[in-house]
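Here it is: the structure, laid out below.
Labels run A, B, C, D and E following the written order; every chain starts at residue 1.
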């Protein structure tokens, strides 16, 4: 009763988000009109749009730069996260021995790691990618590892009976079975990607001209209290996030629609 | 063959992490000895310990303050994340209508939200909690929602046959079935908690006296180039993370050990 | 094995009436379950059931028998309101199938147990969903487990049970609520003959107290004859009713019934009509 | 239904020998599968099997029959090396059970299909794991699906198949590799009698080409008699061999075999000994 | 006044001391010494004020907090306020506590930097949004490759060609203690020379001029006392708030502040503690306008809270109230 329509890409599904979007916009206007908040606190939506258009060249070049960092960082997170998960799920000693240090890496404040990262990778896109990776990879690792370790016992027995090699088990059993977890982690990582890239930008980015990403733009707008433009920049960053989440959703739909409960209608 | 021993808490499991820890420590020393990096670049482990002890009072009060923020933020994330997931999984329109905005909230750079948060919640623990929540809640939402939406069709049919109310389905079917996903999300959130609290501390904290958390300590040590102490502070933050992750693992073991594949031995 | 205190259907006041009074079918009554021209097509491509007409008066025990894949399980799910028909009309208890939910007991083809509950809690689950008090729940669940011969393993989790044991837990669960309508999808298929026979008899004994109307799927003709008041033989591709056969063996039936010549004649007759069914898939 | 091009076991050179040559059991040969004093206890508390002694020469078809929960499935898993014995010794093909993996075909009690593969790909899976080329894989899988009567649904996913159809996919999968040893856990339990009988016959026909040694679990005595060269009747709590009975009906067996008086006598005899088995749970 | 009529209701003392919050721009440090001194020695209390000094590292929210009245006073650079004022945010400058911004460029002597012009074409780590950056680039035409400030010295110590922003009194002191001898050039040498000041919002100045004036008086007194008298009381409070400060470190910092005459400025040129020169303010506005940072022109009168500032501290008034 609460499953999305099976098998067809839910273009219709744009109806609900749009309805909610309009409601949120109305609420926003109401808050601006009657909330008595000054523009530097809560700018009206049309002001955000206007300032966004006004700053369009800056936003556009920031968007391109950050998008580039996001693509690299997300790709690195997916590849690195997947490999790490496979390593972690490959044996008990790897899991018990390595997982704590993966966790520690994740929990190290970036502010502590940043100097080391920049010394190793130099200022700019490489370091931003590393920082984005550090922020994004863990959800993928945690989810995929859990997925890889949650294999149905009977299916595992089947592969044992057919003397499947570890690589075969991985490829034909564990990875397909872990996909629902993997995609969930991927979705979290995708949502973190613009945040990671923005943060990386403010820590390790280049702030001049075409090399300034949205992180830089956001900090500058913020420090100059250009609040409508700041919101415009933030929404621009969100747009990148939606792009990634959308891609992940598409991929997930494509891979799971035929068999996983989350995509099946109630029948059959 | 790569499952943890069933049913017993793996105290023995400390062996592998310790072994790896010793190896990492050796590597670290090797880097310090032969890497030719000065102490303000890469301090030796014993120097980190020494400076940590030296700064123990500061670290301790920072730890307490940040732990407090972590407890509040994590609790808020769990409660909020769970409620949100239940709402999202409760109907298609909620999922399609609300999820995009939850995502947007997650993807908004904190630097943009911080002024609003501080204006609303005041500088101090309340704002730090909100920031920690914003950083931590999403993995819980994404995972739990996926879990709640991945209910086995036959079990759902069973509950339908017995005319279970939505609340009963939730309580007796969907939540138990979603636990493996929920705990995975919880683990990610737990690992994010100290990062969130540290960041919240630097953005919205009171940097004075007993109210200064580890975020303050980290920023100060970093700006004063007290690198060994900085590392000590970072490890202190990690300790909080391990505490939370450990608690989550314990809870997860307790809830899943009897039935979920990830905790079962290969037999039976 | 007739145990005291088996659960009675809470909605019927006349549960105390003489058991034998149930046996004659109330043919004059309006049907409790009625299917008229029911068809089911999956995804618009696979026509699974076509033109099913069936009417079950209260108290009927209908056996469905037919080749693998002919739509027996689908038919049960249609009656339970778990699947919506593509054509025709289904009335259960005077309303739509979905309205009858809560009065049903359903044994799925797979045991379909909750993996995070042990055997006892699995059996007690429907009672919990109906709001029975805890003590009552546990007592009834224990009796039911006892009836299916699993009193020794109440605290085993499903993964610690054998396939046949899991099915028996599932049967116990379906009977625990004393349902008005019982839908059973090959409930005894995974059991050895002795266990199966004794459960068959147990089921009929229970019926004298609970008086459900039942539709059950079986691949065993003798089981169908033994348990049912009517047998519907289905044909496949698409699934439709090939013949129905009234089984007029007297109730109560016991192990002795299997020795009656009538019994063997009926088994032979149904087997023959089964052999004539078109659409055998193998 | 005897189809051309059924897969032959690749490891045996003498597959072309006359089919009838297989029938007499090679009693002089060393056992292909041997269990001596095998016991299994779960979690140190539940003693499931105790003192199992069994020796299967090459070519033997052993039927296991016994009450629900007596340990039949566990015994199969022990032979396949999926579960480790708590006591005794198991030798398969001269080594530990785990070493024989890859020469096995296993039909699990549940169909155990990969939900993300369609019927054809599920059948082709073991061939893929053995490195068979793609064209060969698809061809063999198609033939196997055809044999179990599912040639019309190769692209159906498991959730789109009926229970009996899923089991047949599982049987097709186990036979696809032409295994040396075949372990079947109630393979035909979910099938109607006609499908079941025809698959029984198909299986024996296939055996003449593939010559596996098999252990299979069934709850049908007549199936056990029809298919096996020996029947082991197990008793429960703990599971142990109660009696074994050699079935000396001549091979090849066909539908006609079921009409032999010997056949009926054997069925009756085994049924009797089954009734005497202690440890019936219901 | 609803208080008892035994006292005239004019003074804030009528309802007990007036609460006021001063939000500083960093964690407690000697650069805030005058305020802590005023607090420690009761100068605020004497003016009938109960002041709380609130430290923090969150620079971006502070102007909004002041504008919305969440805090009463805050510290900052006057150039930002001019820009914000032009954007319609009702903030006013109360008084400068540093005559010149201690914002500097920090570099290794080996890098060959002698003047700000030598930054041309180099990578520099500056706080994003710092207005000096715009001035250096647009008014002086320097080509700067900007790196965002990470508030750490790690990279500086690792790279001899590294150039970053610093606070005259902070980073150089830390570095000298580590054995470095960095070069430092104040950014104000560019000719863009904002004050470092205390600011508040229009409403506070309009509704509680007495309280604001009292705060100004006490703060200036505190600064004078801190710079010329015994700084120990302020040091005590600072250490209490920020255990990472030590007396030695604070003394080093204070010495730097004195050496560069941060609070009094160029005394020979007529500058003095707390003084605001409207000519300088106008020049600042002009410079900001020239590089296109102002949404609309603003006047010095708008920016400076002349109504509460003692006339003695205002110079260069060519017109308007003195």
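We adopt the following convention: a contact is a pair of C-beta atoms (placed from the backbone, for glycine too) under 8 Å apart; a residue touches a chain by one contact, two chains touch by 3 or more.
Computed from a prediction, not measured in an experiment: that's the story for all the values here.
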Fewest touching-chain hops separating chain B from chain E: 1
Partner chains that chain A and chain E have in common: B
Centroid comparison with chain C (C-alpha atoms), farthest chain: E
Top chain pair, ranked by how many C-beta pairs fall in contact: A-B
Longest centre-to-centre distance from chain D, chain (CA-based): E
Equivalent interface positions on chain A and chain B, same or different at half: same
Rounded Å distance, chain C centre to chain D centre (Cα mean): 30
Whole-Å gap between the CA centroids of chain B and chain D: 50
Whole-Å gap separating chain C and chain E, where each centre is the average of the chain's CA atoms: 84
Whole-Å gap separating chain A and chain B, where each centre is the average of the chain's CA atoms: 17
Multi-partner residues of chain D (each touching 2 or more other chains): 42, 110, 159-160
Residue numbers of chain A (touch at least two other chains): 41, 111, 115-116, 119, 153, 202, 215, 219, 222, 260, 264, 268
Per-residue multi-chain contacts in chain E, two or more chains: 60, 64, 68, 150, 152, 154, 158
Chain C partner contacts - residues on chain B that touch it in the complex: 154-155, 157-164, 168, 172-173, 176-177, 179, 258-260, 264, 268
Residue ranges of chain D touching chain A (in the complex, touch as defined): 77, 80-82, 101-102, 104-106, 108, 110, 112, 114-116, 125-126, 128-130, 157-160, 177
Residues of chain E that touch chain A when the two form their complex: 59-60, 63-64, 67-68, 80, 83-84, 87-89, 123, 126-130, 144-148, 150, 152, 154-155, 158, 293
Residues of chain B defined as touching chain A within the complex: 2-4, 10, 13, 15-17, 19-21, 24, 41-42, 89-93, 95-98, 100-101, 103-104, 106-109, 111-112, 115-116, 119, 138-139, 142-143, 146, 149-153, 156, 180-181, 184, 187-188, 191-192, 194-195, 198-199, 202, 215, 218-219, 222, 230-231, 233-234, 237-238, 241-242, 245, 260-262, 264, 266, 268
Chain E - residues contacting chain B, complex: 26-28, 54-58, 60-61, 64-65, 68, 70, 150-154, 157-158, 170-171, 174-175, 178, 240-244
